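One structure, pasted below without further comment.
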Amino acid sequence: MKSRSLSAYAFAYLAFLYVPVLVLPVFSFNDSQFIAFPLSGFTTRWYAGLAADTAMLHALGNSLKVGLITSLLSTLLGLTAAKAVTHYRLRGTGPALAFISLPLFIPDIVLGISLLLLLGAVGLPLSLAAVVMGHLLVCVPFALTVLIARFEGFDKNLEEASADLGENGWMTFWRVTFPLMLPGITASLLLTFITSFDEFLVAYFLSGTEATLPIYIWGQLRFPERLPMVLALGAIILTVSVALVVLAEYVRNLGVKKPMVGA
Amino acid sequence: MSYLAITNVRKSFGGTLAVDNVSLQVPRGEFFALLGPSGCGKTTLLRMIAGFETPDSGTIAIDGEVMNAVPPHLRPTNMVFQSYAIFPHLNVFDNIAYGLRKLKLPKDALRAKVEAMLATVRLEGLGGRAADQLSGGQRQRVALARALVREPKILLLDEPLGALDKRLREAMQLELRAIQRKVGITFMLVTHDQEEALSLSDRVAVMEGGRILQVASPRTLYERPESRAVADFIGEINFFHATVKSMAGETATVNAGVLGIITLPFANLAPGIKPDDHILLAIRPEHVRFSSQGVAGEIVTSTFLGERSHFHIRIPGRGETVAVSGAAPPTGALHLVFPPENLFALPVT
Amino acid sequence: MANRGRNSSQGYALLTPTLAVMALALAAPLLLMAITSLKNQSGLGFAEGWTLAHYGEVLGRASYRALFLRSVLISAAVTVVTVGLAYPMAYFVAFHTRRKFVWLVALTIPFWTSYLLRVFAWKIILGFNGVINSGLMRLHLIDQPLSFLLYNPFAVVVTLAHAWAAFAILPIYVSLEKIDRSLLEAASDLGDSALRRFLRITLPLSMPGVIGAAILIFVPTTGDFVTPQLVGGTKGTMIANLIEVQFNAVGNWPLGAALSLVGMAMVAVIAGLFVASARAATKAAR
């Protein structure tokens, strides 16, 4: 069977995906300013340098702020829209969803520029708030996708059963709807946070004087002596992102249990 | 005063009339069934009793109190949903105890109640089981226990046995009946399965097109259906066209075409039948008898079903075959006899 | 089950905030961009009056047209390479392994790193003194560093193909996974070999996923300026670089807006034609 060559291909493909990514940690511990073979020995001085880099830490703080607010807002907007679309028969559901998902099919540069123009026209300054707005555009479609999938797997009778058993609207939400939605909400929060945290193009146009972390990195890329530190930063981001994604997958699959048949 | 009084209830969805001026009285402690094909309005009616839909007009009263404005969580009814709606994030015990939270019972009393209910539905010891580890039959019983533990005035069941296989369904039917007798609560069951309705209920309402066709005990529905629709829906039946010639005192004389002139007891006529009416004469397959004299016929198909056999017989002057159920006919020329006491007359519509 | 006619007004109320935000952040700005593209440029600001001159420039200048063409070709190449490489991978996960979850997570982990750094990593790898060259020289496989690796369209295609791999794998995987296995068993029962089964059943049924992946990759890559700027050199610039320059260094916003809208329109038309012809081809092949 061609299964063996396909397996070989699969592993080769996986290598292709990981090799560039592994450049980051490998050369972040390399005791040399030049990113080339041969390796020069192990060091942690690049990581130490990072800790002292106030500009980087400031940009990191900005990214965290923007990411947190974006994830909360986009999850909230995704939640209301997902509930509206799955629980009620509304006319125009299709077009509404297509409209909300539109940013996925528009190049980020266009999104960034058009918001830049809007701010200019209205007279608002470029700022982190503007970045949040741009990130909402990018993140709401993702939040919506995750939450709609979650809502569709939700037995509508459960809320009716709760009412039938004596609980009013608020208690039903608290005892039934919310616990069952929690994994989906958590996954949406994590996904949108990571998307916002790593987003460069839109932030580049809208952030004004306050840099987010990707913008900081972009600024560093033209200085060769700073490269190993940038790699160290990248390695840290990679580790944390991986941990968060694995956590998100684990949480998302909680509570989505399939009934057993038989006996 | 009836326990459940439904008076002139109507309900439309968009342009469709789902429930058309339905009235019903159900006494306390009865096992009542709403029977009909899909789309006949039975589930809508049930949901209106539960409070999930509001009637456009008419009233629903339980134990004397009008319920129209009362939301579902305050009504003295509880429902077993078709999909069971077991809370997936709670185990069996917590599912059953869910509706008792408001009562704020002390822990021991709560536990005692839930365990008693577990015993009633024969799920003792399974309180700690997770929801996703239950079989179909077990989920059904948890749904039942959860509703019953709140001691509602009326228990509503929405096609509760539809998802179970045949053997399990029959076993659960017996259990349901036993439980109802034991707890004495009024049960209202919605089903499209006529065998289920007939075997479980004290009385059945046959519905079609949003209307109630007939309300009666299972035996009466089977033996004395009042309309063609009801007769057709329940069990198998043979129809013959006929005209009423005359009616006098205890009997009516009927011209039944190929079956000849027949005299029927008055009790076998559906209400409202008058002389000169076109009617349908109906007879169940098990009442048609083979004999050496009578209407000549020949066997078209025969099916062996164990204790009895089922035949389709062609007789002259009639396109459709006659369904006959019973022991095998004697050999030789075949004749059918239609005893008048088993013939009943229905209006043509 | 009875239809849920209940309280549609509640439903609309829930949907409104999200629609409003999207309308504000998406529709209004795009409209504004269209308006800006028609304004006159003067120094660093706008002058009075409306003009189509910018569109004239966009469509008239040969160098701009060449740039559009190159961008489309590069994005098309990226799409073909990415989807082509991803299909066997997705097929493997859908049909040849039980540990699908593990593979899917393993395949997506590389993408939860900063996009900038992934592009930069390729720059390091492909560079004159970069990882490949220094490695190959160390192994004495070459005497001189290879110069064709970086600062050209080849580098852009490789980098983007890597960056968008996950967007290809996931949709294709989903559509392969949905294929009812009993269809393949039926085909086998009716005499088809493995290859014929693939060509006659699997491939056509997975087409929606493939088309979706193609659009998902083609459209955004036309608007990327990071990759061309870092690894493209002068031979590998794309339209987004030109647009970015209008808004930063040069300050000719109307021209930038016109370029953006023309670019977007072009991409939308190409994408639309692609989807339409792909659908027609799939129908014709039945």
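We just call them A, B and C in the order they show up, numbering each chain from 1.
Definition applied: contacts are C-beta pairs under 8 Å (C-beta built on N, C-alpha and C of every residue); 3 or more make two chains touch, one makes a residue touch a chain.
Fair warning: this is a prediction, and the values are worked out from it, not measured in the lab.
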Core chain by centroid distance, with centroids computed from Cα atoms only: A
Farthest chain relative to chain B (centres taken as mean CA coordinates): C
Intercentroid distance (Cα basis), chain B paired with chain A, Å: 55
Euclidean distance of C-alpha centroids - chain B vs chain C, Å: 60
Interchain centroid distance [CA atoms averaged], chain A/chain C, Å: 18
Two or more partner chains touched - positions in chain C: 3, 5
Multi-partner residues of chain B (each touching 2 or more other chains): 82
Chain A - residues contacting chain B, complex: 155, 157-158, 160-168, 172, 175-176, 179-180, 255, 257-263
Partner chain A, residues of chain B touching it in the complex: 50-52, 71-74, 77-79, 81-83, 85, 87-89, 98-99, 101-102, 130-136, 138-139, 146-147, 150
Residues of chain C that touch chain A when the two form their complex: 3-8, 10-15, 17-19, 21-23, 25-26, 28-30, 32-33, 36, 85, 88-89, 91-93, 96, 101, 103, 105-110, 112-118, 120-122, 124-125, 129-131, 133-135, 138, 162, 165, 194, 215-216, 219-220, 222-226, 230, 240, 243-244, 247, 253, 256-257, 260, 263-264, 267, 271
Interfacial residue positions of chain A with respect to chain C in the complex: 1-3, 6-7, 9-10, 13-14, 16-21, 23-24, 27, 34-38, 77-78, 80-81, 83-85, 87-90, 96, 99-100, 102-111, 113-118, 121, 133-134, 136-137, 140, 144, 156, 194, 198, 200-201, 205, 213-214, 217-218, 221, 230-231, 234, 237-238, 241-242, 244-246, 249
